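Below, chain A partners chain B and then partners chain C, in two separate complexes.
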Partner chain A sequence: MDDSAKRLLQRLVRRIPTQMLRDTLDKWERLTAKQREFVDFTQSKWTITQELLAVCEERELSVKHIAELEMIYVIGNPNQGMWHTFQLVDAEDDAHSLELVQFKEQFKSHLSELKRNVAVKIKKNTDEAIWIRIAWGETFSRPNHLKATYVVHYLQTPYVFVSGLLSKHKPLLLQALTLSTRHQGIKDANLSGQKLTAIRDLLMRQYQHVFPTKYPSPLAERNQSVSNLHIENEQAEASANRHRMAGEAFGNGMLPALQSAVYKLETKFRDLTNETMTERDKPLRCVVKFSSPNILESLRHCASTGIASTPVTPLLSSIPLKGRNYFVITDNAPSASSQMCQTQD
Partner chain B sequence: MSLLNPFNKRPGLNTATILLVENEEQFQQSLANVLVEETAVTVNVRLAKTLPLSMKNDESRPRIDLVVFIINLTLDKSVKSAKASLKYLDPGYFLGKVCFMVTNARQALGCTGRLDAVRQLAVSLHCPLLFAEDQ
Partner chain C sequence: MPDSSLCRPDKWSFQSQNGHEAEKMARTLLLALFEPIWRPVEAHYRRSFLLISPTVPASVSRAGVNQQNLITLLSFGRYIQNMEGSYMSVAKTPHGSVVKRRSKSQIYQQSIRSCFSVASRLGLTPGQTKMRLNTSRKAPKSQNITDKVNPEHLALMIKTEWQLSYVTPLYQFRHTQLKSYGRQLSAFIAAEKQQGLAVEVGGQQNTFKVSFSVLEGLAETNDDPETVLIQVQSKPLFARQDDPQKTVWSGWLSCINSNPDYLRSLSKDFTCLPLFGCKGAEGFTSLVKAWLQMTFDCCFGLLEISQTSLQWLAALWTNCHMESNVQSLKMQWTLPVVPPLHVTYTVSADDALDLWNSVRKNSPEKSKRTDEEECVDIEEVTRFMQGLMSHFYRHFRVDLSAGDLTRVSTALGSAKRSGRIKISNSRYLINTLSLLTEIAFLKMPI
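The block that comes next holds the complex of A and B.
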């Protein structure tokens, strides 16, 4: 086993919690049952590393195999690191009938044309997602497996999720993706987050929607949710309306656990009590960031309890509607990446 | 006339109606459940978020004997909303038919300013101030 393989293995053992390490090694299937039993998982990580190194040497495993192990771990635990989303645009005619084998071949060949010395591993997951692991190398150096880029793409959808990409490799990866998926362009989808499952569910709209209807219930039934006849809610209708509008904007039930939303404001300062600032011509630049363990739930709660006014402002409802969490707001009429500014108190 | 009036309706026999006004609409539900358990008299409870109450229910609404403003001391909006709702009560209510109930006072020990403001409000209106916790 060469040096880079050893270092990658050491890194992995340090990174993966011991319990998960055992499961990941089982899934990897590169070690025999006897070898797996040989490794004592109750020991310290250092001992485990040494034992694993010994066992991998026996099997004569190379860095490619260890990279496989890393990939299995990342696929099983995708909610780490920072994922960024890109959207493919202008599909060509045969984009919709693209098949896995064709995509794999094309991607590998395009990427190696653009850059020598890249190690690419493509794997299809059970949920139809294609996972790509890329280790980048320079013209005269081997691929660096310690800093691999991961790409997740669902065939026949325009979305690509990327993690661990350096800016110097970005144009190469995007070009290879565009060509191999038979599209003419790719752009930033302005959606990023730590939890891949959350941003994927948000974009693919995998949560319970509430569709606006003119007559919410077929009969004007008295829904006695309050069991006691002596208790009556005076403003039940207003409360029900708020709940309904909040649900229409954000959805019902469990919402994807998006964790932040960023608004970059380039609007003029507006405050009637502060004349010196309002007189300035140039826009006041500031960034507003919302963070929460589940920001969509928090916003929905704000709307249904009346903290945020209903109907929900498009600034907030665009997060699930357009599937993005980075907005640039200017004073002009809405364009592709900006929205009308509203004064709110 | 959107003022809530204490004397423009006939009282019920052996019945009392309490109006709980709370911006967050949380504590009032559990308080209402406990209040209606009273057996000596019939207690009706009406829940609201703010005043004024809508005119639609005016006819069917019984006479409100007591208005309780539930204020969550940890939220500024709660205090503001209660103050704004006071305007919609007929002055007749302030002769012993209004009470302030404050929740989460232990958690809000840091911001004594808000508690002092509520205290001042209660004193200036000659209304009792009660402290409660939802457990």
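The block that comes next holds the complex of A and C.
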């Protein structure tokens, strides 16, 4: 085992919580049952590392195998780090018939054409997701396995999720992805977050939706003779209405846990009581960030309690509707209407 | 002269048979129970109008704690509250028997404020709530205080986040005895850290060295006592002999631009340094506070920065953009939904200043011409915040006023509702500290 393999293993053991270490090693299948028993998981991380290093040395494992172990851990714990989303556009005719083997081959060959010294590992997960681990090297240096980029893609869908990507590698990766998935272009989908599962569910619409209907509940028969309940009814109706509209905008049940949404506002200040500002030509530049453990749930609660007026503004409902959490807002026409539009950047 | 400790449940002693733990529990329980009661009791006492029969608390202190005694205490508290109520009405009659001794009557005027909460609970409107947060204040002017204040001292104050508390006036505090205070406090800390061992005051074995020093030049008026800096220094456990000591805790007591009437009304024995800021381990904070409480018979309380004060800071800092770049005005609201939603609203400083100027009653140019002192009104601050909030509502249709403004920050500094403040530019240090001094005076129970 060379130095880089040892360093990677050390770092990995430090990163994986002790209680998950055994399962992760079991899944790895590079050590025999006997060797796995040899490692005492009740000891300190340092001792475990030393024992594992000895065992791996014995098995003559290389950095490639240790990278596999890392991949197993990351696939099992996808809600770490920062995930960015890209969207493939203009699919070619044969994009829908693309298969894993073909994709694998093409991706590897395209990437190695673009950049030498790249180590790529592709693995298909049980939920049909293709996980790609890329270790980038420089022209005269070997791939750096300590800072790998992870890419997750579901074949036949337009979305690609990327984590740990340096900006200098971005064009290379995007080009390789575009070519090997048989598309003509790729763009930033303006959605990012710590939880890969939440982002994926949001984009793939894997949560409960409510669709607007004209008659939200079965029509009630009009035989209620009680008249003094009108006030109560009115309140209840308004409240029920708010709940319904909140659900329509954000969905019902559990919502994907998206942690933040950012709006860059470049719109004019308009207020009838403040002429000076309303007449000003320049827009008021500001940035608004909503953050919470689950912003969709928070916003739904805002709408149903009345803190946010209903119907929910398109700006907020765009988060689940368009699957984005970064928006730039500018005035449609600077002078005439107060209509706002979202620019695609 | 009755003993002042009788009115302070935290100072009552219990003759307990169950040892130290039981006493501690009883004390905690009592403090929690009587927090709303003993404050007015204390205020009442200081006013020394009504001589509280010293037998009541004394009997409590002599007895063990049982349910019967607690009930006695509770009724005593109510009795005092009722007296408070009846007293208030007496005070409003024009020929009320007001004690003529000046210092006492001034203290009484101030203490009325602390009874405000009691009075409002009793449905009374106090007529003399003189101290309120100012509704108008001078716009902060950039001040180059580097020639007044030692730059080293200044560097200690700025760019650090301080946790603020208020402190009641210190009894028999002398700026001339700082060295001795340092020795006493370091001995106290050493004693607390190694309980059970004998400690020599000023001895060599102290691992903690405490220094008290004066931050000269910060005081604005002649009445302001000079700011005092306290630093706890320690050597790392495995340091060599000649390694320098590291500051592990620091704090300061300050009073800037305070109410001169109040300061003059205090008797000579009291020094008023109502604003306390500290940084460092929690353990040291509580030790230092305990020592100060013990030595100068004062009490501490958390100084929360209210919404209104945060709005003031937002407006005043924005106003500073005319003189020095504040980059952006950043505000955070927390909305009471499940899970809690934080909204961070960052406005570019140029645009914020334009909005601020548009809501001002007198444009700055006008006041420059008339050469008047530029004043900022609370109404202007409110209009400014409403402008920002309505701009937000127009886009998101979310009502920010349903939540709480929890923090405000610009390049000049940041302030959090929990009472944490950071001042990043020494030019506006004095201005910010005087606003905070004012808040501390308001929070102080006497």
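We take it that the second predicted complex is superposed on the first by the 306 of 345 C-alpha atoms of A that agree within 3 Å, B and C clash if a C-alpha of one lies under 4 Å from a C-alpha of the other, contacts with A are read in each partner's own complex, and residues count from 1 in each chain.
To be clear about the criterion, contacts are C-beta pairs under 8 Å (C-beta built on N, C-alpha and C of every residue); 3 or more make two chains touch, one makes a residue touch a chain.
Source: prediction; values computed, not measured.
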First (chain B), second (chain C), both or neither touched by A:233: first
Partner chain(s) touched by A:285 [first = chain B, second = chain C, both, neither]: second
Which superposed partner A:307 touches (first chain B, second chain C, both, neither): both
Contacts of A:294 with chain B and chain C, given as first, second, both or neither: second
Partner contacting more residues of chain A (chain B vs chain C): C
Shared chain A contacts, counted only where both chain B and chain C touch the same residue: 305, 307
Residues of chain A touching chain C in the complex: 263, 265, 267, 269-271, 274, 276-277, 280, 282, 284-295, 297-299, 301-302, 305, 307-309, 312-313, 315-316, 329, 340
In the complex with chain A, residue positions of chain C that touch it: 335-348, 351, 354-355, 357-359, 387, 390-392, 394-399, 402-403
Footprint of chain B on chain A - complex, ascending: 228, 230-235, 238-239, 305-307
Touching residues (chain side chain B, partner chain A) in the complex: 19, 23-25, 32-33, 36, 42-50, 53-54, 57, 61, 77
